[in-house]
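By written order: A, B and C. Residues from 1 in each chain.
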Amino acid sequence: MDAILLQILNGLDKGSAYALIALGLTLIFGTLGVVNFAHGALFMIGAFCSVTVQRILTLSFETVDESQKDFLGNPLKVKTPYVESWFGPETGAAIIDWSVPIAILFAIPVMLAVGYIMERGLIKHFYKRPHADQILVTFGLAIVLQEVVKYFYGANPIPTGAPDVFKGSFDFGVMLGFEANAIIYPYWRLVYFGFAALIIGGVFSFLQFTTFGMVVRAGMADRETVGLLGINIDRRFTIMFGIAAAVAGLAGVMYAPINSPNYHMGMDFLVLSFVVVVVGGMGSLPGAVLAGFLLGILESFASMNEVKSLIPGIDQIIIYLVAILILLTRPRGLMGRKGVMEE
Amino acid sequence: MFGLDKKDTTMLLVVAIMALFAPFILNPFPADSAMAQFNAGYPDLMQRFVIFGIFAIGFNILFGLTGYLSFGHAAFLGVGSYSAVWMFKLLSMNVIPAILLSVVMAGLFALLIGFVSLRRSGIYFSILTLAFAQMSFNLAYSVLTPITNGETGLQLTLNDPRVLGVSQTADGSIPVTSLFGLEMRSTYEMHLGPWLFQFNAGYYLSALIMLASFYLAIRIFRSPFGMMLRAVKSNQQRMNYTGLNTRPYTLAAFVISGMYAGLAGGLMASMDPLAGAERMQWTASGEVVLMTILGGAGTLIGPVVGAGFIKYFENIFSKINDNVLHQWFAFMPDGLEDAMVFIVHPFIGKGWHLTLGILFMLVVIFLPGGLVEGGQKIAAWVRKKRNKGSDDTTTKTEPAE
Amino acid sequence: MGILEVKGVNKRFGGLQALGDVNLSVAENTVHAIIGPNGAGKSTLLNCLVGKLIPDTGSVMFDGQSVLGRKPFEINQMGISRVFQTPEIFGDLTVLENMMIPCFAKRDGSFELNAIPSVASQTDVLEKAEAMLVDMNMADKRHMNAASMSRGDKRRLEIGMCLSQEPRLLLLDEPTAGMARADTNNTIDLLKQIKDERDITIAIIEHDMHVVFSLSERITVLAQGTPLVEDTPENIKGHPKVREAYLGESA
């Protein structure tokens, strides 16, 4: 029982990331009808927003401290971050410590801008072109984006820590009446899950309760009819693209402490996210979220030793296997509407 | 000639001449000159040109003709490589059985994956092939380690139980791949003044096989089968209501292109007998997509051009460093020189992927026919300009309005 | 016994009864029109004949054989060719290539791995396609890209492609929909010519009464998924039920 619970928890953080990326992919596919292979790159850019904010906050000046000597007997050079000298050492240190959450504020405008530029500058011209062309041009864009990031940040992963309060783990098992250490779960992963739930809830209520969201949902169902009503769908879709980019970006920002950002992390997540979208149902938002969590949890179950000894290697292929089975037996996915891209 | 029309014959002959004289063409700079680093005429790189050429020609039979975009073709290349290495380990160091097995195995593998994937089209097909390829890649890394040797990759060892041949040579080293005794690595070096030209047995074998593959691709393109594949791309509905079953057509195209990929993988292992899982990764599949589209999908010569272009970039362009740039811009005033170096720097050396990505996007956006179409457009423009020029001379006497 | 026998066909989509107990018999070598107001189930019926839809109950026999459960390409190979409402042709191919493809399908069946000989060496197919282009009056367009032709020419090509398969039954789905008057008349003339010159049965779904009455020998009126009446054009014109259900509003 506790083992099962542990695996469900383990699946949640990866599942959250899948769900968030797949949500953005689906928003873009559902509203604009575009297959975006650069979506993983947006996730990656988000993660590097964390890195950037951390670097900005730790920008330091050097002072020579005569009272301290290094091992050669020379006066020690001390680096002091600007924020510490401006806000005092304690507040400054706290700000640096919280750089990842602070990066959210930085990432929102950046990601909205990236999304806006991408849609207006490139994607817009591909609405009428075949899906293969959309895949190709966004694949090219993904390469360009990751190479730009590689140029500025290098090829190695950059560790980006969570705030100290969230370091360490917390013992779920005790809370639920199991033995101590049966279910240990890092705090940050819990934060990540909560954050993902918040974003998903936000996106859904935005679509459900605002006029804007209503038009977009109508547009997802039937673009032509809404166009006939004289509503400027295209502009709303541009904004939607920005939002989808922001969702992917924020997923990346908060993921930085879980997995040190590197320039190809986007590509790694992209393939899986596409699988998630397909399993959930192309164009279905609840499907994307559901499939994201389901596959995340399924993956963590498959990596249990008991399962692995039964079917060796299953953890490596379970997601793909599920996707292939779903595509062949129920091409519209778990929650896709009938007739959407079934052929 | 060869059952081809005049235009195709000319194209085949041009490719043949280019391939046969590649050691000269690719080595235009004297061996000791500063420009020698731009020489591409060394065996290793020339082999890669033609082997990736085969890979791209095969991919184009599927994507260029039917429009089915596979993101998993590297899996077949990987299967080909593993099969070839196993043949070297178990049977003989002769490359012929190894290459044959790699083609057959890749074909069977493609039959299996194609049978399932082709039940869907469009983006679903792309994702299915992607999923299958990633699955193969993951399996090669984990459970299939007894066959693939996992992360290390499959290599020859000193105690391979080779049936036809020896486990070790007389001096205790691993035997080398050969074609009935002709070692693939054997290279004849020709010194001609300051120039050095290398003629490598492995390259010439690969080049001949590439020419045969290219010839076969031309035949397929011009055949009723090729026409049917273009019809599949154009209108599947009409195909079905014309009494044609599209699935065996697409499956045949898929298997043929998978066999081309297997052939490329087998040749790769024949030149250098090792095989690793990274050859199957989806980014490797992405590379052949880049090659085909950059060169010109659906055109005959495009994939070959694309493969050559990308491999040249990967190996030569990536060698340009800041020193070289400073030499190039040395004629400029100092400040400007530094500025130019600064601007160009991100795009060269290790940044060649960036240049490639931008170039690829430009091609997809503006030149759906790839570099080949670009070349044709420029040629047409030059011709027009020339004609216009001659027109101008004749109409010169007329007064301007 | 007609060449096409539809008996007791029902088809439901969710709560909607699209076809209710349809019986239809098309006699060999006649032109049979199926008319009816929008939503009468004409297209659903047609889709049941060509294998795109499978009826819930009932039987569809073509020349004594059931077509139910067969794929569109198999039904086509049995001798039923279909012309679509918007011309379905191979837009990326030339007109001649368009015409060759059904000729290959007729000669080689549903699949043939004919990958080595060149198209140019298939003289029998080439000659047949060229002859059909002459018949269709489009020999001068043979090297044109099919997509760049006018709508009337695309329709003409599509009909020619169907004919080159030598079908026994030609199904036409509103062949003049969205056409200018001149193109419509051309199409009528073409169909009349086909009817006179070939041993072929034609079933036509049409909205345009001008087309229906100038071509057909029998007419079935469909309303709300059920055949209302079947008779000759003269009798249909005067039939009170038909006037009420269909012609009443438009006449």
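The rule is short, and it goes like this: a contact is a pair of C-beta atoms (placed from the backbone, for glycine too) under 8 Å apart; a residue touches a chain by one contact, two chains touch by 3 or more.
The shown structure was predicted, so the numbers you read here are calculated from the model rather than taken from an experiment.
With contact taken as defined at the outset, there is no chain that touches chain B as well as chain C.
Ranking every chain by how far its Cα centroid lies from the centroid of chain B, the top place goes to C.
Each chain gets a centre from the mean of its Cα atoms; for chain B and chain C, those two points are 46 Å apart. The geometric centre of chain A is 35 Å away from that of chain B, both derived from CA atoms.
Chain C has its Cα centroid 52 Å from the Cα centroid of chain A. Shown for chain A are the residues in touch with two or more other chains, of which there are none. If you check the complex, the residues on chain B that touch chain C are 3-5, 219-220, 222-228, 230-231, 233-235, 237-246, 248-249, 252, 256. Listing the residues of chain A that touch chain B in their complex gives 35, 122, 125, 130-133, 135-137, 139-141, 143-144, 147-148, 150-151, 267, 271, 274-275, 278, 282, 312-313, 316-317, 320-321, 323-324, 327-328, 331, 341, 343. Interface residues of chain B facing chain A in the complex, by the touch rule stated above, are 67, 69, 116, 119-124, 126-128, 130-132, 134-135, 138-139, 141-144, 282-283, 286, 289, 293, 346, 351, 353-354, 356-358, 360-361, 364-365, 368.
Residues of chain C touching chain B in their complex: 50, 71-74, 76-77, 81-82, 84, 88-93, 97, 100-102, 104-106, 108-122, 125, 161, 165.
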